[in-house]
Amino acid sequence: MTVQNKGEPGSAKPYLQIDRLTKKFGNFVALDSVSLEVYEGEFICFLGPSGCGKTTFLRAIAGLDIQTSGTVMQDGADISALPPAERDFGIVFQSYALFPNLTAERNIAFGLENQKVGKSAIDKRVNELLELVGLPDQGPKYPAQLSGGQQQRIALARALATSPGLLLLDEPLSALDAKVRSHLRHEMKALQRRLGVTTVMVTHDQEEALTMADRIVVMNHGVIEQVGTPTQIYREPDTLFVADFIGAMNQVSGRVNSDDRITIGELSFKSRTHGLASDAPVVAAIRPEDIVPRDPRDESEAENSLEVEIDDMEFLGSFWRVSLKSSALGEASLMADLSINATRTLAAEVGSTIRVALPADRLWVFPPAGSL
Amino acid sequence: MTELADTAPAAPLIKPKTSKDDRIMVGFILVICLYLLITLAFPLYAMLSKSFSTYAFDLTNFEFQVNAGDGWSEPFSAAEQNDKIQKFKPKDLVTSSDGRLATTEFFPDFSFRSPTLYRLRQVRGDTSFLFGTERVDDTEWHEYSSNDFRRIVIRASGDTGLDNFRTYFSTPALFRSIENSLFISFLSTIITVSLAFGFAYALNRSTMRFKGLFKLVAMIPILVPSLLPGIALVYLFGNQGMIKGLLFGESIYGPIGIVIGSVFFTFPHALIIITTALAISDSRLYEAATALRASRWRTFWTVTIPGARYGLISAAFVVFNLVITDFGLPKVIGGQYNMLAVDIYKQVIGQQNFEMGAVVSVVLLIPALLAFGVDRYVQKKQVAQLSARSVPYVPKPHRQFDRICLAYCSLVAVFIVGLIAVCQYAALIKFWPYNLSLSLDNYNFEVMDGGGWDSYTNSIQLGLYTALIGTVVVFVGAYMVEKVNGFFTTRSAFQFLAMMPMAIPGMVLGLAYIFFFNNPDNPLNAIYGTLAIMVICTVTHFYTVSHLTAVTALKQMDREFEAVAASLKQPFQRLFARVTVPVCLPSILDISIYLFVNAMTTVSAVIFLYSPDTTLASVAVLNMDDAGDIAPAAAMGMMIFYTNVGARLIHQFVSRKLVRTTQAWRGG
Amino acid sequence: MLPRFIRKSSLLACTAAVSMLAFGQAAQAVDLTVYTAVEAEDLARYAETFNKDHPDINIKWVRDSTGIVTAKLLAEKNNPQADVVWGLAATSLLLLKSEGMLEPYKPKGVEKLDKKFVDKGAVPTWVGMDAWVASICYNTVEAAKHNLEPPKTWRDLLKPMYKGHLIMPNPNSSGTGFLDVSSWLQMFGKEKGGWEFMDRLHKNIARYTHSGSKPCKLAAAGEIPIGISFAFRGAKSKAKGAPLEIIVPEEGVGWDMEATAIIAGTSKLEAAQTLVDWSITRTANEMYNTGYAVVAMPGVAKPVEHFPPNLLDKMIKNDFEFAANNRKAILAKWLERYDSKSEAK
């Protein structure tokens, strides 16, 4: 199995094809006709708030909770109705589900035994995997004697032991403390890249998704809001939910003015309008780091610029997050991230007035929530 | 998007393919369901139908001819004759299987000296009459002289209906037992729960010494048959009792004896539940109370009692159920005070009236089922309460309070140890109260009723088989029902069946077994009278608690083990053997010792089932006491006690050993 | 096993054991399931004595109190487990007979038995072994403490001084109890007199026991001064050293007999008949005589130690047919009148 495709959509055949998957629990629709294609070697993250259906989605792919309708194709074969044991995947749960009475190496070997593999071959494979997850000496220990991070890696090794075509990770890092978590992120990502195993990970942590995934599937209320690379998801959110859920985002209500302009408060801004009718209510959104401070000495009337008063300032180490108000904008206030340098140049302090620009290509316009 | 979805063909519905594992597991569930149906549901059904099986004299089937010297009259039926003389109302004709009615009753002016001749025949052959003691069930005419005719009684024939219940509720001597049973159960419940609460409170909230010892002592009653305290009470308060003066002339035989004995044998059950309830209470509430300067008394009523209320209610119902269904104790010390469970015995054994025995069983089922239902409801609530994370309470020393607690616990401990010690002393006395020298004569069980030493070895066999087979059946059943996917109906049916035994009194179960298994049409008839039927009965009788223990242990296992094993293409049985069983081993051992101890002490269910080869020690205690051999009964009771203590010690030893080898991982 | 063996370790028994072994190997042994209510301590002796003559028949005892054995037999009516009943109250056997559960059989030598010990049927369905006679167990030590005179008659027991000092078996759970009740009805009047007697007796009774032998054992243990029970039990307790007096009331005493019958439908009819034949032999009667003063074969009985000597004369002419055919009605009436004693207080 050579890895020639590094998760570029559009090239080659998808490894995993999911078509209109619906899962109902009684009257509750946990998954509403979701479709997705995953390419070989890709690292996919299902991201969303709790209850969005991401875990249900993963469990349907694993066959643990088989969907009510819709199909799942893996490597060209229809596995929609197959029980987990007849599918090809390895899985790591949030709890790791390590067998407490077996040592780390016995845990890893669990899937290898009973498979017509010789004992020495098993030992070799176990050592290889221990090496792979960076715990070569921890084999004889019981799970309770290992740290959380170590347990997590043993669980990963166990899932990889049988060389599955698909690796499923159900919030594998969320039980760990922050430091271990960020360390393991990189390690896991590196490992996945090295092995080239197609991976689907469920997480509610956007940072995790942004740093690890080749592509992110943002989910909400049982549907997919957007699928895209981390930068796409971050820079070009398709929906208000995505815009809101990923990163910080200013949101201000306004109205469509004309084809390329919107009105917020008393001000008019150049913006995309996605063909929305004139006078339609919209929510305009812009990330704090995209608000550009203007040099006070530059007197030119630049596009989308306005005068604001600094309402509050919060020092966040490498930058300042400042809260901006303007009577022209009405009640709304804007958050802007200003570099330390910029605040110094602007002599920004609470109460002072500065000019900022909201670049049109950074300004996103969505229909208000609930209007769809 | 929505438009698109509407026009595109609907996604195919998926019918999940069940895995081999699931099919095997469902197979197991069905087998155990079947087991519970056969060992529980069918026998109960047989018993229920027995309670509706009535007997009445079918007067239409008997025809007379009379010849008073002027030739034979036309044949006339007893029914016609009854209409004529207006002798019996329909309710008078209802009787039991052994009902007999003299034919002379139909002839008001009958005289055995008259020369009148009588003829009698049955229209159909499904009834019978007796001439003297000879049974006649043909349809011929039989001719009798009047002197012979007075020796004829007609027998009842079977029917179905509510007549047995009608008879029951119109016989004060019978239905008054309901009142008695309820009264004794209420009273015992109140006393036991109060005492146990005090004991648990002292254990949980004080820093007194000897807590470990008190805990051990409090568990003693579980190790002996419920009738043993009755024997001790006879020695203490009987007419020759050591301290009978304490009763101020009241008789121990009756309500007083039953209540004291009931408190003794139900105490540990209440204590376990209440201790658990107190142990989960949140210390933060106490800190808050202290901060608010609430008095100890106020804290007790506003924090402690409400916190433990579900435990208290649960304990109350368990005790109530134990008392109302207990048979051994009222049998030994109840005197003339009739209780429902003893009534079943009296009806069946004393009067061979199986139908009425079944009726009393049905009556006894009702309070037991009610108590069970309420208990289940309360337990559900308690689980919800438990879900919040709380900080366990750690008592602080308080000299006076600790002293009171110590005194109180010592009193209770003296009561428990005292009764047991009296039994042991009684067992060693040669001939109470006339010859107080010590001897082992009372251990010579061979010359007593009850089956001799064989019954002791039988009991141990029963205990071992019950523990072994019961543990396997219960644990496998619990595993399947916990871990199989889907099959919701089958699983809930199984859950229901598994909970049922707790609500079924032992007497009722035993009687139901006679009706079901001793039916020649039943292919399982062969096990009747063997050790096997008693093993099955005992396993079923104690199924619920074992099942709950197993389920609790299994629930603590990670829910995803099965998913992991499936993803690794490992069959569930491998996971079961390599992980589930080893991890649950402590609970499995607990289940076995529970089954063993109960098999050693149970009387009620097996009293109807033992055969000469399978007499049991616990039944021997009852029978020897019944025959007046009270000292040997005490001796056998103490043998059961020591055996159970031994079994507990072995259990501890084995557990510790196994824990060391299989549970090394727990150390961390 | 050991204590039983030591007790019986006469030379004879040893020889028997040896010969049993020898025969046991030669002949094909038949297992007979025998239901009995004979006292546990006598069973081994019965089997041993029988096996001396018939080593090829192996008796498997099912022993329990009369009520339980009867209940068992009735419960098993459609599928009998027993081959033979040896040593069950005739009253119970009459009950089984009325259910058609007994196999009529005329054992060899039945004519040698006292007529009242044989079923009246053309072919008898049961044959008696020995009589089991009601009497009063009187604890001299306890009676002295309460200044109680020894009663001479049943009617003496009605005296107020005995109030609370009497115990008798409950006829609804004990055959002995029923025997007492039925004898009082026969002696004092079936319609009225008997019941009046019991009404007054009831006032003096401390409590009713479930078992028939218990009142005597309780009297022996001093738990109660006077227990209404049966002579055999009293004699045994007396032999053990209890300060007991066995009183045979002057009006006469009720009795029942232990009897033997074959269960209809047994697959081992031949062996069953052999056992029944043997059960009425002189040897067997002598064997019964060890414990019972009155046995079925006239002239066999020798006085039994501790037994009152006048027992045989005092036995009433018991009407078993009356007892059997009216049992249900009598018990129901008794239940209605007396079985809620504690409530009456």
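What to note about this one:
Every chain is named by a letter (A, B and C) in the order it is written, and numbering of its residues begins at 1.
Everything that follows uses one rule, which is that contacts are C-beta pairs under 8 Å (C-beta built on N, C-alpha and C of every residue); 3 or more make two chains touch, one makes a residue touch a chain.
The structure presented is a predicted model; accordingly, all values stated were derived computationally and were not measured.
Top-ranked chain pair, ordered by C-beta pairs in contact, is B-C.
Distances from each chain's CA mean to the overall CA mean are smallest for chain B. Here the CA centre of chain B is 32 Å from the CA centre of chain C. Once the centre of each chain is set as its mean CA position, chain A and chain C turn out to be 90 Å apart. Chain geometry summary: the mean Cα position of chain A and that of chain B are 59 Å apart. For chain A in complex with chain B, the residues that touch the partner chain are 19-22, 33, 62-64, 66-71, 80-87, 89-91, 93, 95, 97, 99-102, 110-111, 114-115, 142-145, 158-159, 161-162, 164, 168. Contact residues of chain B toward chain A in the complex are 5, 8, 10-22, 558, 560-561, 563-571, 574, 578-579, 582-583, 662-668. Considering their complex, residues 95-96, 98-100, 102, 128, 130, 132-135, 137, 151, 153, 155, 171-174, 176, 180, 234, 238-240, 251, 253-255, 331, 335-338, 345-346, 348-352, 354, 431-435, 444, 446-453, 514, 518-520, 525, 528-529, 611-613, 623, 626-630 of chain B touch chain C.
Considering their complex, residues 1, 3-4, 7, 39-41, 44, 60-65, 67-68, 70-71, 74-76, 78-79, 81, 94-95, 97-100, 119-121, 141-142, 170, 172-174, 206-211, 213-218, 220-224, 240-243, 320-321, 324-329, 331, 335-336, 339-343 of chain C touch chain B.
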